[in-house]
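Note that the chains are named A, B, C, D, E and F in the order they appear, and that numbering of residues resets to 1 at the start of each chain.
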Amino acid sequence: MKKTSMVDVTPKPVVFREASAEGLLRLRPSTVRRIRRGEVEKGDPLEVARLAGILAAKNTSQFVALCHPLPLTHVDVAVDIADGRTVRVVSTVRAEAKTGVEMEALVAAATALLNVWDMVKKYEKDRGGQYPTAEILSLRVKKKFKGEP
Amino acid sequence: MKKTSMVDVTPKPVVFREASAEGLLRLRPSTVRRIRRGEVEKGDPLEVARLAGILAAKNTSQFVALCHPLPLTHVDVAVDIADGRTVRVVSTVRAEAKTGVEMEALVAAATALLNVWDMVKKYEKDRGGQYPTAEILSLRVKKKFKGEP
Amino acid sequence: MKKTSMVDVTPKPVVFREASAEGLLRLRPSTVRRIRRGEVEKGDPLEVARLAGILAAKNTSQFVALCHPLPLTHVDVAVDIADGRTVRVVSTVRAEAKTGVEMEALVAAATALLNVWDMVKKYEKDRGGQYPTAEILSLRVKKKFKGEP
Amino acid sequence: MKKTSMVDVTPKPVVFREASAEGLLRLRPSTVRRIRRGEVEKGDPLEVARLAGILAAKNTSQFVALCHPLPLTHVDVAVDIADGRTVRVVSTVRAEAKTGVEMEALVAAATALLNVWDMVKKYEKDRGGQYPTAEILSLRVKKKFKGEP
Amino acid sequence: MKKTSMVDVTPKPVVFREASAEGLLRLRPSTVRRIRRGEVEKGDPLEVARLAGILAAKNTSQFVALCHPLPLTHVDVAVDIADGRTVRVVSTVRAEAKTGVEMEALVAAATALLNVWDMVKKYEKDRGGQYPTAEILSLRVKKKFKGEP
Amino acid sequence: MKKTSMVDVTPKPVVFREASAEGLLRLRPSTVRRIRRGEVEKGDPLEVARLAGILAAKNTSQFVALCHPLPLTHVDVAVDIADGRTVRVVSTVRAEAKTGVEMEALVAAATALLNVWDMVKKYEKDRGGQYPTAEILSLRVKKKFKGEP
């Protein structure tokens, strides 16, 4: 087994980097209606998700163990209702850096969805206190780009 | 639209809480073989994932915006190869607290999978530098429990 | 000069604690109108302020050096437009703890106001890039309470 | 209402940035005398304030939600007794960066004053445990500079 | 090889815990004289060390991977000049918790010594920029206690 | 006494920096045998130490108070059994920066050793719950380098 180690990016050039990630969270239709109507008691899940996603992206190197700390120049987290039972997040991260920002984009999207979940979890519990419906169904890198912006 | 606010858990009793979450990450069969054979250059993704998941669970209230800080008494993150193209994580979190620990379990599982992804991303890129296969296919709360341990 | 030291709260009983703090940020009337009309390019400053204030309160012991880490059970951050040139924040923090939560309330209020500032700073600069108007005019503990909730 | 988003600073040039902020904390004359004489039980509030302000400036992007992480090259936090009832802090922050450092300077000054407050709060309480005097009376950007150092 | 896992402390009783740790940092006699005379350009290393040690103790569970987050009720970090070439730190940590606080005491002492080192490193370099003298010579748990305070 | 202040590195050039640090932790021979045989209940201390050391290096500026935040390009933490009673860690840190990375290397090494200690502390306690053997015997900068890589 190899020893854990960070990739040495010292010799790599600083170039423009961009990555976007997409995530989908399935919820009950009644929960999605609540979000749409602004009836979630804890506030607006889409707004909280955007902000929490941005903050998390900036902290990526603290919880993805082998990520390098990167000076992000842009983080955008778009959260919307994809259909009657799905919240979708699309994150975009930019930096001029020696390594890519796809982990930052994934962290932003994952954190955004987990914040939505937290805000609506009250409406997703069944009688036994379980979550039969809520599930992140997909989280993936949409696109990665390196080169001139 | 409601204003963002934390639930006031002051009047709730301190009781034993447990939650487990499960997540699945799809990878290329060749990447899964590398993990199995200990041929991942950055180290052992399953081991790193376990540790990163545990650390993240302890920080849940810093990136799930409306979560209360909880004195976790146990975090377990099991990571294994589910089948020829899937890594699975099952996290378990315990606390004696006024509110549940399902968000902590989800955060642990999500972070564990993102750490696996980071460690093997080199083997998942296609010629254009994109990730056609890698995807978190599921992340959900397996079980939530409240009461006597 | 005394040596820096944390107060030893070990012998103190765990009781209900509540504190609220209030802060005022003066801005240009034109900026306050922008906030009211939802015309701030970076988003809704009041919403961002609420969330950032809640998050900061949970981290108080990391930047108020001699504060004890406390298991907060509630944080509320209300942000509104007090008058044509003033944004007001009122924070409320609760915990069952051995020491008071007034520093947490102050941290929440200060952070909320600084986030408003950051979001509107573009509209507050004069031609020389200076801020002739923006100023936190007051930040104080409104009320502190200890005992039965 | 606009969606929350970070400003994209990717295309901006890296230039020298400097900002200073000033804050004033009103205290009881008896408390200010204690500080002057080195009779504060928890230690020297001015010294703790300096250090806590420096540390906070480095963490600005974690609690000002839409701030970019910046590689600060200098943080100075001067704390002194302005008059018989006022502690004053003046912070100065420098960086070579794509965006200004005024939020970092404000965060340093605010945190410094909150640390002074925390250290002397024992002497500021009235019989009812309230704080009739302690108040941050002003916090503002003194000067912002961009260009050749 | 066993899988990484946190000890499950759920069933353990909450009792008073105390631990103290001691560390020794060897420096050049000329550096120790500078500290004594208040001639260190970056400030007073002993004062900075005290504060940094206290802050680090509160963050122990974030960098000792398998430590439980504990509600510390007291942290004391005493730093002095032990002899003409040695700085000594003795940390004491208290909590009412399900597990001991010796790691918190060690973290406080290690961080205090590293902060002293950072502040005087300018005076410890030889012509080649190396550190022939500076060395932490000892860091150990002095005493651990569990039971009635 | 001088006031606490960060060194202003603004005018310094960005150059390649490397530093390595070495630390030694003495343990009971029986504990070292356990590590060798993979019989430590909490997992593999050497693997956890590597990862925790890497993570801590990235956070250096948060707990070494006057350190500048640096964009590390490489962190390597090698942990092995030096002899029948000693665990050794050697850390290497690289960056292109205005100031050196020796504090980052020391932080990585110290954190790695403290994580080993935490994982084996169960086997190091005597009947009275004390640690007669476990001790960090040395922590020092092995080598510092500045210039062309």
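Here is the rule we go by: a residue touches a chain if its C-beta (ideal position, glycine included) is under 8 Å from a C-beta of that chain, and two chains touch if they have at least 3 such contacts.
None of the values given here were measured: they were computed from a predicted structure.
K.L.:
Quick check on the interfaces: E-F is repeated by which of B-F, A-B or A-D, going by over half of contact pairs matching?
P.N.:
A-B
K.L.:
In whole angstrom, how far does the Cα centroid of subunit D sit from the Cα centroid of subunit E?
P.N.:
Using C-alpha averages as centres, the distance is 27 Å.
K.L.:
State, to the nearest whole Å, the distance from the C-alpha centre of subunit C to the C-alpha centre of subunit F.
P.N.:
37
K.L.:
Any idea how many Å lie between the Cα centroids of subunit D and subunit F?
P.N.:
Inter-chain centre distance comes to 32 Å.
K.L.:
Considering subunit F alone, which of its residues make contact with at least two other chains?
P.N.:
As it turns out, subunit F has residues touching two or more other chains at 3-7, 43-44, 47-48, 50-52, 55, 59, 65-66, 69, 71.
K.L.:
Pull out all the chain pairs that touch, please.
P.N.:
A-B, A-C, A-D, A-F, B-C, B-E, B-F, C-D, C-E, D-E, D-F, E-F
K.L.:
Considering only the defined contacts, which subunit D positions touch subunit C in the complex?
P.N.:
1-7, 23, 38-44, 47-48, 51-52, 55-56, 59, 63-67, 102-103, 106-107, 110-111, 114-115, 117-119, 121, 129-131, 134-141, 143-144, 146
K.L.:
Subunit E touches which residues of subunit D in the complex?
P.N.:
Those in contact with subunit E are residues 43-44, 47-48, 50-52, 55.
K.L.:
What does subunit A use to touch subunit D in their complex?
P.N.:
16, 47, 50-51, 54-55, 58-59, 69, 71-76, 78, 94-96, 149
K.L.:
Which residues of subunit E touch subunit B in the complex?
P.N.:
Against subunit B, subunit E makes touches at 3-11, 61-62, 65-66, 68-71, 98.
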